[in-house]
Amino acid sequence: MPELKFTEAQEMLRKAVREFVEKEVLPIAHRIDVDNECPVDVFKKMGTLGFAGVFVPQEYGGAGMGLTERAIILEEISRHAAGFAMILMTHHLGVEAILAYGTEEQKRKYLPDLASGRKIGGLAVTEPSGGSDVGGQQTSAEFKDGRWVLNGRKCFITNSSSADVTVVTARTGEDAKGRPAFGAFILEAGTPGFAPGREENKFGLRGSGTGDLLLNDCEVGEEALLGAPGNGAKLALATIAKVGRTGMSAISVGILRGCLEEGVKFAKERILYGKPIAKLQAIQLEIAQNRVDYEAARLLTYQAIGLKESGANCDAEIAAAKYFSTEAAVRSAKRTIDLMGGYGVMNDYPVGRYLRDAMATIPSGGTSHVMQLVIAGQTLA
Amino acid sequence: MAEKRLAIWVVVEQNQGKLAPVSIEVLGQAVRLVEAASALSGEVAVVLLGDQVEDLAEELSAYGVDQVYWVDDPRLKHYQNDSYAAVLQRLVEREKPDILLFGATGAGEELAPTLAARLSTGLAAHCTGLDINADGQLVMKVPAFGGRVLGEIFCPSTSPQMASIKPGTFTVTERRVGRGEIVREDASSLLFDEDIRLEIMDVVQFEPSGLPLEKADVVIAGGYGMGSKKNWGLLEQLAAELQGAVGCTRPALDEGWTAGEHTMIGTSGKTVRPKVYLGCGISGAAHHVAGIKDSGVIINVNRDALAPAHAYSDYCVTDDAKKVVEALLEEIRRTKNEDDSG
Amino acid sequence: MEIAVLLKPVPDPAQYDKIQIDPATGILVRKGLKTVINPEDKHALEAALQLKEQHGGRVALIGMAPASAVETFREGLAIGADEAFLCSDRAFAGADSLATSRVLAKAINKAGPFALVLCGSTSADGGTAHVPSQVGELLGFAHLTHVIQMEISPDGRATVRAKMENGYRESRGRLPLVLGIRRELNTPRYISLMGIMAAQGKPVHVWSLNDLGLDKGKVGLAGSPTQPGKLYQPDMKRKGEVLQGEAREVAQRLVGIFRSAGILG
């Protein structure tokens, strides 16, 4: 097994992203959390640097890199502002769906704007009937006189009010065996009959607005259909596994690093009994555990992404990375708060936000329970 | 046997008919070197270039110098690299001084290396110490890595030995009794129109408001740890209460909190030596510390117990700088009231 | 417009507190320090890229550094320069500003011709601020340093503001010029992902003493008119007495300290 080693270009990318994040995102990280608003201007600035289209080929206006580079970007942003990273992570879901399933015409129409960050993307699958229960979706798409008419309600949709282009799944009918069939549609903000509904008030990953998307006789042409009419469920599941779970895993790695660094900083600053608490063995043990959680999550995450990029079938590895990293981020944030004593619960320090953000990474892309089922399913098969 | 000669020249700087303070500081060092190297027959000369600057030549002749080389010409009204370097090169090649000293101002940092390149000789930048060793060689002590390291520099095989000195590095010495000879040079043999490639269009200088940092008995310096422009206002209040001046670090300057670059302290800014220096939210990077190390009492307030600043302090407080400054303001105002009523 | 940007890899100025002198050998220990582009050089590169965007042409990076510094030059290419020339030879080691400028000037002539040579006015490590003027002299170009504003027209006329104490000096002239750039001039752009991808295919030429046709006695330590002596680590440590207690108690102690220093009456 070779060591996990990034290329020179990847190391340069990490350095470049870090510089951007420290100058542009870190100063507003607290405000994004408090206001729960997407800083669109910073997103667009990020877009001009290629973050929004990192894995999009250059012919469609992207940077032409891959999922590893995307994970580096998400990790570096989440080190200071996981809520902001969540906006980018979700944007990439919409981008990937169009990139993987779009016709040449659709790709030419949507990807340049999405890859350059001029437009924000999203993916809407979950409904009140459930998220992981893809087959339970009620939203319908009827084909009438050469046009699709969509009706229904999507919920818990990230970027619901900020996305300009959202890929929406809907039931298009039944397959040959009588099971429900789904399609995916590219919907642009402002299309009549398509509008954001209520906004949720999340306690974590704030800034990435989450809410309802309402479809009321929303009528679109045939060109809005993404992929084959019965392909929507597969599209949703594949996109969520490939881009969603790996993205949440990378975000968690960033949170883990934030926890590790905050803990170290505090341990060196805080004087008790005349010396920094870093000299106390009890504190050293906590720091060691933070380090191990970070290292392990990092290895699992980049390993799973590397496998995915090599084309391997690695749903279990991705699920394992997502399960471990998100749970580790929660543990590590809690541990860091503990070692900080009373200061840990003060909003002067970002660690409370890290804990809330870490908690919010768990349901996104499939809960820890679902991840374990995926892992067990593959292991027992 | 003829005595060994040691001729030290100081290239002085004048702007709009006023001497730059650093020129007097450098001149003080030249006089000190000659006095210290008593085994040598030393002499100090200054070189003054300008337009109608006779009064400056007179003024300089009273600083314990042996000669004032004075070149007066309308083309030398403002410092300009080509014209000044051409005149100096011809003078140096004619008189062959052993040592050439400059103030490391904006102009000096251009003129000194230009001349060194033309004369193919060595130049040491921003010297913090100058001595003559037993061999009659100039030993120049220069900072590197923002003052973290000091190194000795020699210029053993080429002449003159050249050095520049940053403003504020040395304190001004007393004006000495005596009168040097004023040698008025003929500009027409030292400067030709074809020497000049760039034309000066405009020279703009402003007087910074308030007490200059280098003259203040109390310097309140703020760093990135002050957190905001609003908190920065507290430092200004504190300086007002203590009749001091506010200085800053590069990160605080970059945040736009400060009065401007002329308040920056450190290797790329001012050198200060107040009676009391109070650093607030400053980590104590080498390039800042180099600018404050000669202060009377050094106090630092910083949340990070391991900040390098603490090691360079007489007193340190491990706490939020804003909180401590607020408490200090309150305490000073309270004691002032007590004094008034008592 | 053909523009050369002089780029110097330096140890990260944020880490200068970690630099030590080995007490046994008296040699500088700078192991483990990150290497970055000299901060002011980024402003020089930004100025060059803006000129290229206005007037077309090419931007070449030129520098003298050990071969391991190639990554730093690659970063300059990612920011937007077109190609890089790295002068690297053991014979260049230990050079002072004049010996360094000889190598740079030779490389500029070999890679050129250039109408404009831009560099940071000062390097973060040595910090002499000599190189802009000395390269200018060796090239026979007019030069200015501490540049905070500049206007260069396509026909080669230049108006340049150089910072002086509490003000500036404005000069007018014609290309070719060497300009030492200060950070006030502009805000350097961020590295883009597209830039990183493009940089992988851009040429980095490495030139040795022989490639440059330089005399060994004119470069490196041997060719330096200044010679280094002993190194010191200035001992600036003070007693570091920690004032403890609530902010109010600390404030009372501080007032006492001010008073005994003769401040506050």
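A few comments on the model shown:
Note that the chains take the letters A, B and C in the order they are written out, and that residue 1 is the start of every chain.
Just so we're on the same page, a residue touches a chain if its C-beta (ideal position, glycine included) is under 8 Å from a C-beta of that chain, and two chains touch if they have at least 3 such contacts.
Small disclaimer: the values here were computed from a predicted structure and weren't measured.
Arrangement of the chains shown, judged by which pairs touch: all-to-all, with no pair of chains left without contact. Of all the chains, the one whose CA centre sits at the greatest distance from that of chain B is A.
A count of contacting C-beta pairs for B-C and for A-C identifies B-C as the more extensively joined pair. As a whole-number value, the distance joining the C-alpha centres of chain A and chain B reads 54 Å. Inter-chain centre distance (chain B to chain C, centres taken as mean C-alpha positions): 21 Å. Centroids built from CA atoms put chain C at 40 Å from chain A.
Within chain B, residues 318 each touch two or more of the remaining chains. Chain C has no residue in contact with two or more other chains. Residues of chain B that touch chain A in their complex: 303-306, 318. Every residue of chain B that touches chain C in the complex is listed here, in rising order: 15, 20, 78-82, 104-107, 109-110, 112-114, 116-118, 120-126, 139, 141, 143-158, 167, 197-208, 217-218, 242, 244, 261-262, 267-268, 275-276, 278, 284-287, 289, 293, 296-299, 308, 310-319, 323-324, 326-328, 330-332, 335, 339. Taken together, the chain C residues at the contact with chain A in this complex read 71, 74-75, 78, 190-194, 196-197, 199-200.
Interface residues of chain A facing chain C in the complex, by the touch rule stated above, are 8-9, 12-13, 15-16, 19-20, 48-51, 54, 58, 63-65, 69.
Taken together, the chain C residues at the contact with chain B in this complex read 11, 13-14, 16-17, 19, 21, 28, 96-98, 101, 121-122, 124-134, 136-138, 142-146, 159, 162-173, 184, 224-234, 236-243, 247-248, 250-255, 257-258, 261-265.
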